[in-house]
Structures are given as C-alpha cells and as structure tokens.
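Chain naming follows the written order as A, B, C and D, and within any one chain the residues start at number 1.
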Amino acid sequence: MRKVTIGILGAGRIGKLHTSHIIKHLPQFQIKTIADPSLDEAWFQKTGLSHGINNPDVVFNDNDIEAVLICSPAPFHVEQIIEAAHTGKHIFCEKPISLEIGPTIEAIKAVKRAKVKMQVGFNRRFDPNFSKIKKLIDDKAIGKPHLLRITSRDPKIPPIDFLKLSGGMFGDMTIHDFDMARFLMQSDIDEIYASANVLINPVFNEYDDIDTAIINLKFKNGCLGVIDNSRQAVYGYDQRIEVFGSKGAVQAENNKPTNTIVSTENGVLSDKPLYYFLERYESSFVAELNEFYECIVSGKEPCVSGRDGLYSTLVSIAAEQSRRENRPIKLNYDACQI
Amino acid sequence: MRKVTIGILGAGRIGKLHTSHIIKHLPQFQIKTIADPSLDEAWFQKTGLSHGINNPDVVFNDNDIEAVLICSPAPFHVEQIIEAAHTGKHIFCEKPISLEIGPTIEAIKAVKRAKVKMQVGFNRRFDPNFSKIKKLIDDKAIGKPHLLRITSRDPKIPPIDFLKLSGGMFGDMTIHDFDMARFLMQSDIDEIYASANVLINPVFNEYDDIDTAIINLKFKNGCLGVIDNSRQAVYGYDQRIEVFGSKGAVQAENNKPTNTIVSTENGVLSDKPLYYFLERYESSFVAELNEFYECIVSGKEPCVSGRDGLYSTLVSIAAEQSRRENRPIKLNYDACQI
Amino acid sequence: MRKVTIGILGAGRIGKLHTSHIIKHLPQFQIKTIADPSLDEAWFQKTGLSHGINNPDVVFNDNDIEAVLICSPAPFHVEQIIEAAHTGKHIFCEKPISLEIGPTIEAIKAVKRAKVKMQVGFNRRFDPNFSKIKKLIDDKAIGKPHLLRITSRDPKIPPIDFLKLSGGMFGDMTIHDFDMARFLMQSDIDEIYASANVLINPVFNEYDDIDTAIINLKFKNGCLGVIDNSRQAVYGYDQRIEVFGSKGAVQAENNKPTNTIVSTENGVLSDKPLYYFLERYESSFVAELNEFYECIVSGKEPCVSGRDGLYSTLVSIAAEQSRRENRPIKLNYDACQI
Amino acid sequence: MRKVTIGILGAGRIGKLHTSHIIKHLPQFQIKTIADPSLDEAWFQKTGLSHGINNPDVVFNDNDIEAVLICSPAPFHVEQIIEAAHTGKHIFCEKPISLEIGPTIEAIKAVKRAKVKMQVGFNRRFDPNFSKIKKLIDDKAIGKPHLLRITSRDPKIPPIDFLKLSGGMFGDMTIHDFDMARFLMQSDIDEIYASANVLINPVFNEYDDIDTAIINLKFKNGCLGVIDNSRQAVYGYDQRIEVFGSKGAVQAENNKPTNTIVSTENGVLSDKPLYYFLERYESSFVAELNEFYECIVSGKEPCVSGRDGLYSTLVSIAAEQSRRENRPIKLNYDACQI
C-alpha cells in the first residue's frame, strides 16, 4: 500500500474530525503537517503528530506533501485551492468551495490548469443509506423517478459566532441537500422556490438569516423535489430521504445507536436518531477520504467534482434569492461555464 | 336511541359506500330513500332497501326525511344543498361543496338562513392516526408546530370518464390535504405555491390536468407546510403525515392489512399499505356519520363546517392558479365573507 | 340471505361479547333468546332484545332456534352440548369443551350421533395476522417449518373470583396457544415440557396456580416449539408468533391502535399493543361466527372441530402434569379415540 | 498511551479477526508475534507484521510480550493458559476455556496462582444492543425480570471439518447464549432442559450432533428463560434478545446494513440482518479487547472472568446431557469450586 503524505489546512471542527479519522481508520494517509492560524495545542498534542504550525505556506512549500485537505473557513477556500494547485498538490476541499460563483469558477480553472485532482467534501454521497438509494435508482428498482423528498434537520442551532460567518442556512446547511438532490436524481435543478421563516430563535433575524425552510425543486428532467430544513430538531439529527418513482419508492430512515425497544405502561420506546453529523456520517467521512486516496493513486477523477461544488453554490444562491424575492428562480447555468 | 330517517342523493361510488356503512355499522340512521338518476338496480336490490328512485325531489318533498346525504357529482351539490335547506333538512355534503367560491357561499348562506346543520365530508379528520396527531399537537406534545408534511398518493389513476369531470387534481384529490393542513395546524393558509407535472400518463395533458405535484404552504401563524401528491403509487395508498415542532415531531405511518414480516434470502418483507380509501378510511367514514348524527340529535354544530368546505375550495383554486402562473399566490379571504 | 335463529347460553363476559358482535356486525344471525341464571338485566335492556331468561331449557325446547352459542362457564359445557345435540341444534361452544378428556369425548360423540355441526371457539385462528402466517406456511414461503415461537401475555391478572374457577393458566389461557401451535404447524404435539413459576403475585400460590411459564413442544413431524406466557404484561396484550423454516421465517407483530410515532428529547415513542382480547381479536371473533354461519347454511364441517377442542384439552392436561412432575410428558392419543 | 506488547496464539478465523481489529482499531496494542503451526503466509504478509512463527513457545519465552491472545482450537486452550500463566503473561482466551470441567478449573487455578489477568472471549457482552439491555435492567426500567428469550441462529451450517471438532452445537454455538443468559439475568442457571433435532442436514446425525434446538432455563432467582437455535437461517445472522419483567419488556432487534425501505407492487422490503458475526459483532470484538487493555494497565479484574467461562461450560455439558436423556438436568456447582 502506497502511503500518501498530506497536509491539513485548518483544524477547527471539521479539520479535527478528518485528522482523527485518518489516524484511526485511514492508514494509507500520512499526515505530515497541520496548519491553523490559531492551532488548538491541547488537541494537537493528543494526536501524536509532530508538525503543527500556524502558516499554511509551510504546507504549500513542502515538496513531500502530495495532497492537502482544505478545512479552513469558507472564505479562505478559493485562495488555498489556487495556491495548492500552483504547487502541484491534489486537493480535498470542504464544501462550499465558495459562496460566490466567480471565485468558485476561478478555483476550478486553476485546478484544471494544474492537472491536479480536486474532490469536494459532500461526504453524504458516501453514506450507506443514501448510496443504497442511489444504487436502487440506478438499478431501476423504482422505475423512473418522479418525486424526491429530503428531510434534513440539525439537532441544535449553531453557536452565534459560527452563525455570523456561516453565509446563511442555505449556503451552510442546505447546500448538502442540494448536492444530494442532484446526486440522486441524476439531473440538474432547473428552478427553485424557497419558503423560509424564523421560528426557533429570533437571533436569526439579527443576521438576516432563517432557521426553518421548505424548498421546492424542479429538475431538468421534469421531476419534482422538496427539502425541509430545521436548525433544531430536539430529538436529534434527522436525515431522511425518499425517492418515489413509477414502479415504487425507496426511503432511508434515520440511523440509531441501538435497535433496542422498551415497552412499558408509557408506550413503546426506541432510540433517538444518532445525535449529529459526527455520529451519523462517520463512515461516510471515512469513505470519502478513501475515495480521494484512490483518485490520487489511480489517477481517476473524483466522483464529487469541482462542478458539483459549483452547481450547489449556484443553487444555494438562487434559493436565497427566491426566499428574499418570494418567487421561483430559474437557474442560470450560462454563468457557470468551466 | 332515536333513529334519524335520511335520504341519499346520488348512489355512485361514494353514495354506495355511505349506504353500505349505514346498513352495517350505523343503526341510528334509517335510510328511507335513495335517489339517483341512473340508479344501479342490481346493487340496490342487494341493499334490501325499498325506495330507490330517480328523482331527488321525492326526497326533498318527503316530510319523514330529516336529513340528506348529498353524494351526487360536485356540479349538483350547491343546488341540492339549497333545496335541502329550503325543505328544512339537515345536510351531509360530500366535498367539495363547489369548485367555485360564489356558489359555495350561496349554499352556505342558504343553510344559515334555514338554520339546518351542514357537515362537509372531510372524513380524514376522523382517521385514528390523524386524530391522534391532532390531539398530540393540542396537548403540546411537540411544542409549537413549525413544519407540516403531507404525503398523499393514490394507488392508481382514476378512470378517464372520472378525470374529465373531476375538476383537476387539486380540486378532486388535494382538497382533502388542504383541509387536513388547516385542521392540524389550527391556522389558515396564507400563501400557496404549487409545482406540478405530468409524469405518469400523458392523458392528463389532454384534460389540462396534472398527475404529480409538490405544493408549498405558508400559514398565517408563520408555519410552513408541504404536500406531495401522485396519482399512482404502485405499492398502494400512501397516506402519511408529519408535524414537526419546537419540542419534537409526530408522524403517522401507513396502515397495513397485517403486521406480519417475512424474512427470506431476498430480504425482510412486510405488507403494503391498505389498498385505497375504502380500506384505509373505513373507520373515518363511519365516524364522520356518527358525528353528523350527534349534531342532528344534540343540536351542536358540525366540526367540519361549510366554512371548512369554502376555505378548501379557495385554496384549491389558488393552487391551480399558482401552478399555471408559476408564482406564489396569496389567498384572498375578503372574497369569502359568510 | 337466510337468517339463522339462535339462542345464547350464558351472558358473562364472552356471551355479552358475542351478542354485541352479532347485533353490530352479523345480520345473518337472529338472536331470539339469551339464557343466563343471573342475567345482567341492565345490559340486556340495552341490547334491545326481547327474550332474556334464566333457564336454558327454554332455548333447547324452542323449535325456532336452529343453533346455540354455549358461553356458560366451562363446567356446564358438556351437559349443554349434549342437550343441544339431543334437541337437534347446531353448536358453537366456547373453549374448552371440558377440562377433562372423558366428558369431552362424550360431548363429541353426542354431536356426532345427532349429526349437528359443532364449532369450538378458538377464534385466534381467524386473526388476520395468524391467518396470514398459516397461508404463508401453506404456500411454502418459508420452506419446511422447523421452529415455532408463541408469545402470549395478558395485560393484567384476572379477578380472584375468576381465578378460582379458571382451571389453571394452562387450561384457561395457554389452551389458545396449544390450539394455535397445532393449527400453524399442521402436526400434533408429541411431547411437552412445561416450566412455570409464580413471579407476579403470590395469590397464584393459594390456588395452586402459576402466572409465568415457558413451555417446550415437540411435534410429531419433528419440529420444535416454545410458548412463553405471562399473566401480566404492563404494556398491554402481547400476542406475537414466529415460525422459522428452511427457507425463511415469518413473524406477526402486535397490532396497535394507531401507527403514529412521536419523537422527542426522551426518545421515539410508538403506541402500545391493543389493550386486550376485545380489541385485538374483535375481527377474529366476528370471523369465527361468520364461519359458523357458513357451516350451518352450507352443510360443511367447521374448520375448528370437536377434535381440535379435545386435543387442546389433552395438551393442557399434559402441560399441567409436566410442570408438577418436572419432566417431559408424552401425549397419549390412544385415550382420545372418537 | 502506554502500548502493550502482545503475542497471538493461533491464526485461524478468530485469530485473524482479532489481528485485523488490532491493526485497524486498537493502536494501544503492539502485536509482536503471531504463532500458528500452519501459518497462512499469504495472509500474514498482508498484515505487515514481522514475526510469524509456528512454535508458540517463542511467544511464551519472549519477555517483551506482556499478554497473549489464545485463539487456537479449543483442545489447546488449557495447556496454553497454564503455560502463559507460568510465564507471567496476561491472557485473553477465546471461548470455551475447555469443553470439560476439570481442565477448566485447572486453568483457572493456574491463572489465580500466577496473579495474571484472564479474560474469556464472550464478546457479545460488549454488543451495544445487549449492553443497553443490561443497562436498562440494571436501571430497573423493566422492574424485576421474569422471562428471558434469546434467538440465536447462524446464517449457514459450518464446514464439515469444523463440525467434527466443534464439540457439538451447545459447546460451540449455544455457549455464547448461556453466557448471555447469565450476564443479563444476573443469576446462575439452576436447571436446564434441552430439546433438539436434526432438521437442516442429516450430516449432523453422522457426528451425533444436532442443528436445531429449544432450550429451557430455570434461574436460581426463579426467572425462566428460553434459547432457540438454528444452524442455518437463510436470511442471515439472527441475534435477538428479549427480557420481560414486572414493569415492561426490552428487546433488541437485529442490526441491518442500511435503514432503507423499498416499497413496490411486491411489498415493503427492508434489509436482511447483517450477514454473520464478523459484521454483527465487529464493535463488540473491538470493545472486548479495549476492556482487556484497560484491565492490564489499570490492574482491575476482567468483567468476563474464568468463572464465567467455567459456568458456561458447565451449562453446555448439562444441555447435552439433557437432550440425550430427555429430562431436565439440575446444575451441579459443587463440582466447580475454584
């Protein structure tokens, strides 16, 4: 097994997550350096790694490092992608590439010119439930798809500090669902209508953001879809999908910590869904990096491409416009030539 | 137990259904006369009833008859309501009262003037699953409601003859879901956006109708809702509802003929949903007539009122306008003064 | 539809139940007379029936009465069966025919001589879940059966007065499971081993009875089975069955009042099983009388025969002997020639 | 984190399994040497380890090695335990310690004298479902336990070569269930009655073995239990447990690869159980070695002790005697003084 030496840019929540998964489950990667301007030293000590630095340039300038994981805040992604491409490193970039179309295209072009691989972190495509839905659709188990229904609800509202910079619910949270919609329906979104409100906590009003939404999708192939989002499902992380077609329907229920059921005078009680994305998507986080590794060593193209990142950004911008103007928005793919 | 003598106007599918339920399960009603311009004589013989006629006037002019069940095609409802009111009979009217606002209001006013009771046939309010959802919401089990999700899919497309006169999917089929939405959320619909398509059978295009839809709802209390409809779910009648709120969510799964589960090399197989409305809503059809009886003998007002019929018609007209104009439509309650 | 005029002997819990089902759901029967030595007059008034008497001989001597439902306490069954047979009436007899073999045989012989029909009240054979298990086995859906598992737990201990006369848990409660075992496995029980204890309430010790048991069955065809019983499942009536075979397994889960699911911070809660036999087996009680009617009018033999009653009694006696002597007991069918 | 250097004795199916789990998931262990008289060289190469030998003495004589995992065939366990104890190594031993009582006691005594730790490989105690049942019982969630029901069915019959040496179904397969019964009920088994048969494949007759069984248990605390076993459940590994008590019941359903559900004209299909023990018990295999590590570094006693191994052997011997003599067997703990 060839080892791929990597650097990790950004060690916040998601950077730490990837680091931990690599150490525990992905021996094919060798983490050489972790760069974070305000590195959490206590955490870094526990990793047992030796190079923890503040300046990402050390990573770019290190010829041993073959690939980078960009886990920094979204505003830094484009610049770091371009720099990584310039220095010939393969790129795994957390979503979104950018919250804007122009810079996203710029980043993708830089990657293309440099002929490095870039994979975008839509890990949910690797979730066993959703992969199976995809496979069943591909196998025509439900005939021709007609309707898509995604329920995607977080267990709790994010910290205020995070909210301020998140880019809004559609760009931060629903973007995963937009990618999933495109992935499962095998068709691009043609038009979108987003209805939304602040129902959980008035704090979202302060940031001109929303916490609850229902979003209609029309796909180019004529299918219809709907996403419902909430920032706070008190019973845990609610991640369910259903695709309905001419010959049947397939749905994915939530995963639970155990399959135990307790029957008492009060009713029949089963476990709540796994608490949050760390638990629910652990295997898909690991699987997406396995895929990234395979692309590096085999030369094949990542199945979650820059284009996928670009289109999801396009959709989330349209969603935001739709809810502000309260009208369906047609997606403009002309602006997305890459 | 006081018996209430009734006449039934219209003995098509739904008139036969009510007749059968009354004979089998509702001894408090005495069916004196069934009027249908083209009465199915073979069926009528089997009921064991003695008065089967073609002219509804016989019913209106019969002083023994205290109440009528209006089960005729929708275009006759208003005229028959007005006539029944004039002759002092209590009225159970199948939905919709009318597909238009003006006549609906006229019918409601006639009922009001005559001081008779009128109940509209939104039987699903009496379904044990949905009643329990309503009760749980009322009991604050899920806190303040935020999101409503209704899945309502028929098992097969209706006969072409029926389609021509149905008034379109929203007025014929989704109208039940509009009423359910108002019932559960305890709030009127403020705005609606309907996306729809013909995905099952091109025949719907011929009648300028659709067979698949996703409909966004905004309620006056700020909640959001979505209905998804299909005219043909090959696995059976799919009737599920979920309400999500600040303290949790409640969902109603489909009812099945049995709770058996077969495990073989091919997987773990359970029953399909009950086939169609006859099976799924049998108990709610019986319960709504029990309620109608109680209103007659006790003098209380029906819990499914003329206003409920009117508002659902208003919503279905707006849904049709929304899908044609592809924009959200604000509901105009000013036009609905009664 | 030919009406069959019947008399009901015994109007305790089960007699009232059948009466109510006949009035509400079985118009093909005409109840002429109900005989009970201590007739509950208040209840009888509400039935709207006209002949309520104390002496069963009035029923036997009434030539209008074509069939009787024997719902009296078990010690009276044999005598009433013989008398009914002598007077040429068809017989529906609640289980058990008798708690002893000799009298059971005597009753069956009297029925045979009189050439009337006799059906025994093992209503659970008509439960939709268990009927479906039977059908799946017959259709070879699970191949050749190997193992049977019956869970049969009551929701609460019976009243003390009832306990004294019940004949013990095996004869009163488990007898239904013994019949179900024979019905599903299509094979007679060859040997039985019963382990039991008093774990719920010491009062069972006073009556030399038990409240909890696990009973091993060996069938003549080589299959193995197990029944677990409890007199008190606080979460409701627990009635589940599983049959495992060479090509798979089929199981029947409990029926519940609704299919609603509530998710909150405390977990995911669904309904408890239907409370008790009135609710769970309502449709099977109605179906067994439909079957009885069909046998009377068509002349066919009841599918739950006197032999079925006899063999279940034989098994329950052996179960009692097994737990007292703490050893497996071989069933002696030689003593059961009829 | 202190690393514990270990040797592995036996690299058949289970030895390979532990090796793989340690390499992937248990960095706190350092495997120095694997000893197997007929080492699978191809497999060993892939592990990346350096010391693969045929003679276990090399392990015993290596002072660097602090602990051994005994994964050899059962007949070698006692001898290897004694040797490991003599050389001062902590011991993780696969079940059973021995199929006989005397040698088992001898092994336990050697461990005691040497003051090393010994943990027996009843990994299922660490399964999240069953751990949760245990916790719920400990927390009195179901009150006082009354009944235990274990379903334990393998997906396919073992290879003939394995069968010959397996020691019979009770000693090889059911022994896990006997340990689970003791673990959950917190009480020793007082009496056992085993009924069994050859229903899957006549080959079991040749080895005087059985393939299907139902086993009754009486616990010292008065509770009753039942285990049902099959060597071949065609739908996959069936591992379910239910404990019923005075205040309710808790059950563990099977784990499945995904939570997807497909609804078509043929029914509603969900996944089969995880195929076999590798899949189902992966996390519990890892957790039991975590526990073993903790015992070594902290000095605490393993929660699965030599006594647990001894008592399960005692029960499986009694089960075998019971089925051969067709009578309940009282367990003789006098013979088990350690």
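Just so it is clear, a contact is a pair of C-beta atoms (placed from the backbone, for glycine too) under 8 Å apart; a residue touches a chain by one contact, two chains touch by 3 or more.
As the structure is a computational prediction, the values presented were derived from the model and not from experiment.
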Practice task
Consider the two chain pairs B-D and A-D; indicate the one with the greater count of contacting C-beta pairs.
Solution key: A-D
Exercise for the section: Could you tell me which chain lies farthest from chain C when each chain's centre is the average position of its Cα atoms? Expected result: A
Exercise for the section: Calculate how many whole Å lie between the centre of chain B and the centre of chain D, each centre taken as the average of the chain's C-alpha atoms. Expected result: 58
Practice task
Calculate how many whole Å lie between the centre of chain A and the centre of chain D, each centre taken as the average of the chain's C-alpha atoms.
Solution key: 40
Problem - Residues of chain A engaged with two or more neighbouring chains - result: 233-235, 238, 247-249, 263-265
Practice task
Under the touch definition given earlier, write down the residues of chain B that touch chain C in their complex.
Solution key: 24-25, 27, 128-129, 132-133, 136, 141-142, 247-255, 257-265
Completion exercise
Residue positions on chain D within touch of chain B in the complex are 233-236, 238, 256, 263-272
Exercise for the section: Would you mind writing out the residues of chain A in touch with chain B in their complex? Expected result: 144, 146-147, 149, 151, 153, 193, 195-197, 199-200, 212-214, 216, 218, 222-226, 228, 230, 232-235, 238, 244, 246-249, 326-328
